[in-house]
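Listed below are the structures to be examined.
Look at the two complexes coming up: chain A is in both, with chain B in one and chain C in the other.
Moving on, here comes the complex of A and B:
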């Protein structure tokens, strides 16, 4: 295959993935009548769509909720994952293999089976319409434990022995001594967890009915199916743009890490 | 204290697993034998939910829809991902840019992608139909024709995910030692023979991964049909998870909904097990 043809096909493919997003942004800044245009730049530039979206749904509040839920949950995933991963990698105790196999098993379990019972748990705990329902079920995940376990196994025992001689407790060893040595793994888990939570819509749709507690994906979903956009496609697209922008900005900064993290999670399964 | 330490460290996991995995699995089985709307007491009905499931037209419809989705999604995903990975598998200027571009839809929420494609696929003003009409062909009812809508969603899902699989295939392609191709060149092998007898067997594990992840994805489809078509037209895009959701949160049939979830979960595990045997032996 000639180099020219190769580049031609690659550019065509790249355009088909990137151009629709550029078009979305431009459509959100155009008036409704210009929607069908296949242009890169806004036609009849206006902020009106953004004004409409903000006047109809509490998107600012949802943004704060999304950030809160994603940041707190990711933090908890890092702490709990590191603790369990460390115990599995570096400590001897009875039941260690059992727990390891349990983790592998829970990873392969389809969520369809736990969805309804977990909703009922939320109802019985009185957590419907609270942040607890959005955070607690996700504060631990099997993949992060396995990634931490693998990372901790690769470190030299001398590092841990030296810290113990200095009188460090195990928690300090994990978070102060070992963490700086496994930053790529920490970053991978952070990205996977944060992205998953930022984009999640199904679980919030189930456990949150109260608008001020909603996260962005849920609010935008309900807005676009609920008729509050009055069938105006540009307004729906504007809401979608605002949901996409934060994660795209993060992606622009951490592009390589995003790709590496997602690929490593894909290869694990 | 020292002896107990490992147990303290794994305690959060164990508690969480018991509450959010072990209990739900057991409770799910219990639910399948009951009728319950969450408010009034649970009523034991024996195997009625299972009987109902086998006679439920919408259950079979959701299963059929999932099958149609996978029929288009899996080959498309493997073909395009492998093709793009092959294009990228050279020392190329701008390779990082192309990888990053293909990956863009992967990181964005399905909510965003679906709203975007709703416009692209709209009958009158959609970008795709404008292009088609522009070259003089008849417009396609991407979302309004029950025979087409699920395939449209399958195409959209491919567009969203394919970037990830390009990366997986690239990793796979790079594990093939270049000496193999050199040896084949000496023997006068054609490009097709090299692909069929060297590349394909070497990337077989990646193909298996893609097939499994896509299958699980098909059975987990929810937000795409929910936003795009609300399961219509004529239930032609009703997905497995959407039907579970409807039974639970529109009709409050918790027992029946749990039965659907239980059944679909078993089905996923069975299909993946079959794929594992088949794909691994085939190539």
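Moving on, here comes the complex of A and C:
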């Protein structure tokens, strides 16, 4: 295949992915009446849509909630995933493989199947409308366990032995000795978990009804479909832009790791 | 006092068979003991049991006068050097060496003094700020040894520390390890599968096979007086030559090989008294490559054989010459200037008194 054709196809593919985002950004800065133009440059440039969104919904608070939930949960996923992965990779105990296969099995279950049981659990625990409902169900993640287990298995046992002789306990071995040597895996898990949590709208819609506790995707979804946007498409699009901006900024900083994460996990969200 | 005593030590994984069986060793203070044996003989497992990295199934392990069976590795006052160095990749050389001391809450000044002293001893002072990935194998091995030295342990454990190095560097490091042992005056236990390493480093050597100690003695005793056929074949390069045969039942004491290629009159040899009680028994004759010569040594009993060279390996200072007796492959260490080529017949004189005889049934040496 000639270089020209290859570049042509790649540019075509890139444009088809990028176009909706650019148009969305352009539309959010255009007036409602110009929306049908589908141009890549704002027509009748205005900040009004952003002013409307901020005046109608507590987006700032929702942003803080989203950051809080995504950061804390990602941290917990890293801790619990590393500890479980280490146990499955390096500790000898009865039923170790059975537990591992059970964890893998849970990866095959769609989230919707566990939705109702999880909701009932939240109700019984009295966690509805609290951050616990947003954090606790996500703090143990089978994909992170799998990735950590594989990463820990790839490190030489002698590293762990040397740490034991130096006087390290198991936690110090995991977090001070092994963690720094599997940073690509840690970044992959961080990015995948953070993105998944950031974009999660369905679960918060079920367990949170109290507006000050809502996360951004939930608030934007409610705003868009709940009638508070007064049917104005540009305002809804603006809210969606606000939701996407943090991930886009993160992507710009961690572009290389994002790509590696997607490639190494073999997953597409 | 850093004596290490293994008293009826055994190891089994789960309900499986014992991989270490009833090992009894008394390693003296300041002694350099080498555990040697083929792959899977249990030497590394035994070392890891001494280190506390493997649980002891049975028996008692004493370091100094303290029973340490249930003492965690970091409290056994030992240090270990691993085959693949096991340096922490994300730490500098200094941090690697200082890490264990920091965990013991040692004052920073003392840590610095110890690391600097060890670095000076090993001539790695210029590497202290480097990370392991920026160093050669030999340099990493020095750092690994340095990490052990700074702890000033009662006992040093080495798990095949030179096997990842090339032959030249291995030779250098062997000499440095000997010097280190002299300088530190510490008890050292060293695992290797390389019998040359074992012979050159050890004050005493433990030969292991299938989890059993075959012989525990000085290198020269192992070489000259192996207790069984396994030790005789394992120690020495090239390995000892073996020839199965039988002793005569009556008449003059003779050894005859199974297929008749060799008949030796033993009646005047130093072996005669010991072999007398094995008359009529199947025995295996063993002879080392250097105990065969193209010319007889005056005054020694040296029977002559004519053999045909299968292959000749010239190493510069000698010619390792291969030939067959019965269906056994033999090798003789002959002078390099001997004009021998493939297929050529030549005379060979055996130093009869240097031969070894093993009971074919038990494989034990007959003395």
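In this text, the second predicted complex is superposed on the first by the 261 of 269 C-alpha atoms of A that agree within 3 Å, B and C clash if a C-alpha of one lies under 4 Å from a C-alpha of the other, contacts with A are read in each partner's own complex, and residues count from 1 in each chain.
Here, contacts are C-beta pairs under 8 Å (C-beta built on N, C-alpha and C of every residue); 3 or more make two chains touch, one makes a residue touch a chain.
All of these numbers come straight from a predicted model, not from anything done at the bench.
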Note = Between chain B and chain C, more residues of chain A are touched by B
Task = Have a look at where A:226 lands relative to chain B and chain C in the superposition and call it first, second, both or neither.
result = neither
Ask   = A:195 contacts which: chain B (first), chain C (second), both, neither?
value = first
Task = Look at A:145 in the shared chain and tell me whether it touches chain B only, chain C only, both, or neither; answer first, second, both or neither.
result = first
Message = Touch test for A:247: chain B only (first), chain C only (second), both, or neither?
response = first
Remark   = In the complex, chain C touches chain A at residues 48, 51-53, 72-74, 78-80, 82-90, 99-100, 103-104, 147
Ask   = In the complex formed with chain C, which residues of chain A make contact?
value = 156, 158-159, 161-168, 177, 180-181
Ask   = In their complex, what parts of chain A are in touch with chain B?
value = 6, 9-10, 13-14, 16-18, 20-21, 23-24, 27, 35-36, 38, 80, 83-84, 86-88, 91-93, 96, 99, 102-103, 106, 108-121, 123, 137, 139-140, 145, 170, 195, 198-199, 201-202, 205-206, 217, 220-221, 224-225, 233, 236-237, 239-241, 243-244, 247-248, 251, 255-256, 258-259, 262-263, 266-267, 269
Complex contacts: residues of chain B adjacent to chain A = 3, 5-7, 9-10, 12-14, 16-17, 19-21, 23-25, 27-28, 31, 38, 84, 87-88, 90, 92, 94, 96-112, 115-116, 118-120, 122, 125, 127, 130, 159, 163-165, 167-168, 171, 209, 212-213, 216, 219-220, 222-223, 226-227, 230, 240-241, 244-245, 248-249, 254, 257-258, 260-262, 264-265, 268-269
